[in-house]
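Labels run A, B, C and D following the written order; every chain starts at residue 1.
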């Protein structure tokens, strides 16, 4: 559960740079930031950044807290792809400008038990949810990070993971980096390897997470996934981010997740 | 009448800088710019400047062509005050970005007859409509530019006028530059001076222009004013910029103006 | 600023200031406790309640539109009993709660009203008339004068609390609906609910919402909402709570000027969980700057051309 | 792209592509000659015409709103005779012109239709039913089924040209109005006109428009317009011309997917005088990219959840 109360802050852009293609890295200085646990996210309002209020695009965008950089004024990093209207606007924010932040939000990942092997499976922007998890899981047992992307240029944050000293395996659909294929194939292979009990964490496109859950289940491993869904508020009041559970009841991604046990998700109706 | 057909262009921002307070100077490079006559204006779309289409604010803003800088790719300068939502957004445009321009538009000022004395009365952002007129009127006869502002810091373009070598008189409401008082008082004084027939050109707040027209009429001088009104299109199709003429008929500021004979304006219903 | 009297009366509900939060945009209130003290705004309107707990629609339930958003949540809520047993006690004593009610049958509406009457902190009821009336073939209760009259009559009889009726904007003439409510004994009107709307994704050619149709809210609809408040306030004597696209204090002031006695902040709560507080403070600042001693004096202060 | 057949038929009007310009946003056409060749779009709908020339309202007539604009131009136009004598001849021969008609009385509507019938370049008439009906106390012609029926009947008798009826969105049920038009022999529907709205300036407490009420257009209203097109296209067999907030080809495609056979670009012409051309090109590009051989195959291609 979330031990830290969310705050609403006008964060100052410390840095916002393109890392090739649509990939961007945003560093935000947030007075009073209470810290975040692996899997927490924030809501960022790109439209609120200028001097005059503008309401198109209207809604804030959910973004994983990639990592927290402690300091007198704590900073958080966010890795994002500028693809739609809101994220492209976010990419225009310059150092010194303000971006409204609400967070930290959501239910974080449960760290592996001591001695367990953590297999982190990331695809697309989902990779951004896994960095803090990789960092903290290291103290519990072996960690392997399996990253997938369309091609090498799309890959986010791979160097940061490498710098953590965790095992890094990459698959790209065009073979331009690592193995050619899907990241779920890396997971199959990793689970087939002998070793301690594995626990799987997956974040990325819905079909990838669903498949990761199936593979984990086939190997008797627990699997946590961090779901994505459209969000208006991020803190449980709009009821917009509902997804069905496997038992047919409704869960809110922002409040009951974004991290769910893969086996508890009603995958057929996850958008 | 307007001899140049308007064009629609994605102008490139060559420079956009704050000149103190809300005053800004924008230089736009426009491929194929056909040139402008004194009093012409353009419609600038601040909202269209980013990569992703955003429609708040929606409408383009009418802005006088302050001056044209000829060259392989001609440039125009626009002086503006960033006060509302659109102009504040315009102030965020950086060199290299695109701003949509439609223009040149409108009916320009009629230059003075040879030997006439031109008295140019400018207040607030209206000053921006008078620079090219001052420049071109010099060849016809003596030119005096009378500028008014709340205080010295609000004054736009005074140095440029001074550099033209025309006579410059300033009035500020707080006396921080030139005479303390209204620019229309400078006009009264100037018209009382002996000399060749005067023709008055005024651009600024409606009450100022109306008063300038009255003063000119009292001295038997012709007076042209450049009206402001809300505009959606700038080229005569929305019918949004209507103002009544003195005879009760309706004129369009963008098509029949913005320059009108002060005596022909139905001032009581000019917004 | 401290000189301004911010109190207003909304159909018998005395509010410390004119800012409420709109139903469905503020949860059951407690979700906002991390952000500000709810006693600093006029009150909250809770998510609409049905007799039984309800699950709502499958996703996608929301989408963004130009300066607005679409939603089709369905009737998801904890049900009236859980609201009384769990949600109300979680709020601090000084929070004024207006409970919102929607149902698919008139007698069920009335039953929910009965259960809410007397519940602590509940200072009034808001009847959400934008719910599809199953018996009329899916048309909203608030879209047919006869059906609306029956609804107001039944709920009026079911409660002694101040009764607000929240009208649908999807009507030809809002004045007609306002008069129906006045005639049946409503104490105030809440104007407006969302505009019925639709959007599609051109990549998939599918509606952006699983429910196909949804409700449009946010700044996009504000000029329509203002028009309806203006029209209704001239058609009936009932006080009006203005709703629709209020993002800033300036927006709220527009509703007061057009004849609303109070306002509700809706979609803005999502983008800015402190929006309602900022609106409340900004209204007082505006009144003070404009020389109004009482916020109530702003109500209906529009200056029409002669 | 050249492979895509862009032709559509709108109630008997054969259009080279589905993009028209909306009445009141394109003048009489000639104003756009500096920007592009009008023969590259499907056609133009000219500013609505009355029997006599009219002056319209005093300023302010327009204002900006979130992702939209308000207007109350009044009935300003050159009058039907000057349109035929001066405006039509100024257009090049290949431009398809739909003449729009509005009036305050039904017999005057019919008379304008008669005069336009047979005028060169005029390929159809659009009846603007969003005009206040003086005899009904200011309610719009398109807001009352009986009045609308009389209007369509009278104008239908007055012309042999394809007859489009442009409906007001300010109604409870657009399907009812669509059926009235179908029953009275209209050839197509144009959906929608502006939403009735209001805004005030908090500094002066005055309405932003001299006319107090105005019509809301632009992207803000697009989801409402799309919903009405979707509903009407399932209620009647008439082809529909979709209008409301179309800024880009993607927006136009949404209307086609929801059941419109053609579209009109309105407010976008103000911000971008080449908007209609860009929309026309973009629709063809979309159809091509999605593998549609004919733009007409997009019409009503929405994929509804089962």
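Definition applied: contacts are C-beta pairs under 8 Å (C-beta built on N, C-alpha and C of every residue); 3 or more make two chains touch, one makes a residue touch a chain.
Note that the coordinates shown come from a computational prediction; the quantities given were computed from them, not determined experimentally.
Taking the definition of touch as given, a chain qualifies here only if it contacts subunit B and subunit C alike; those chains are A, D.
Chain centre most remote from that of subunit C: B (centre = mean of CA atoms).
The chain pair with the larger count of C-beta pairs in contact, out of A-D and B-D, is B-D.
We define each chain's centre as the mean of its Cα atoms; on that basis subunit A and subunit D are separated by 46 Å. Each chain gets one centre point, the mean of its Cα atoms, and the points for subunit B and subunit D are 35 Å apart.
Centroid to centroid, with C-alpha atoms defining each point, subunit C and subunit D lie 33 Å apart. Between subunit A and subunit B, the centres computed from C-alpha atoms are 52 Å apart. Multi-chain contact residues of subunit D, defined as those touching 2 or more other chains: 65-68, 210, 218-219.
Shown for subunit B are the residues that touch two or more other chains, namely 53, 55-57. Arrangement of the chains shown, judged by which pairs touch: all-to-all, with no pair of chains left without contact. Subunit B makes touch with subunit D in their complex at residues 5-8, 45, 48, 53, 55-60, 86, 100, 102, 229-244, 249-250, 269-271. Residues of subunit B that touch subunit A in their complex: 50-57, 84-85, 88-89, 91-92.
Per the touch definition, subunit C reaches subunit D in the complex via residues 65-68, 70, 139, 143, 170-173, 195-200, 202, 204-207, 210, 212-213, 216, 218-224, 226-227, 230, 245, 250, 253-254, 257-258, 286, 301-305.
Those residues of subunit A lying in contact with subunit D across their complex are 55-56.
Per the touch definition, subunit C reaches subunit B in the complex via residues 66-67, 219.
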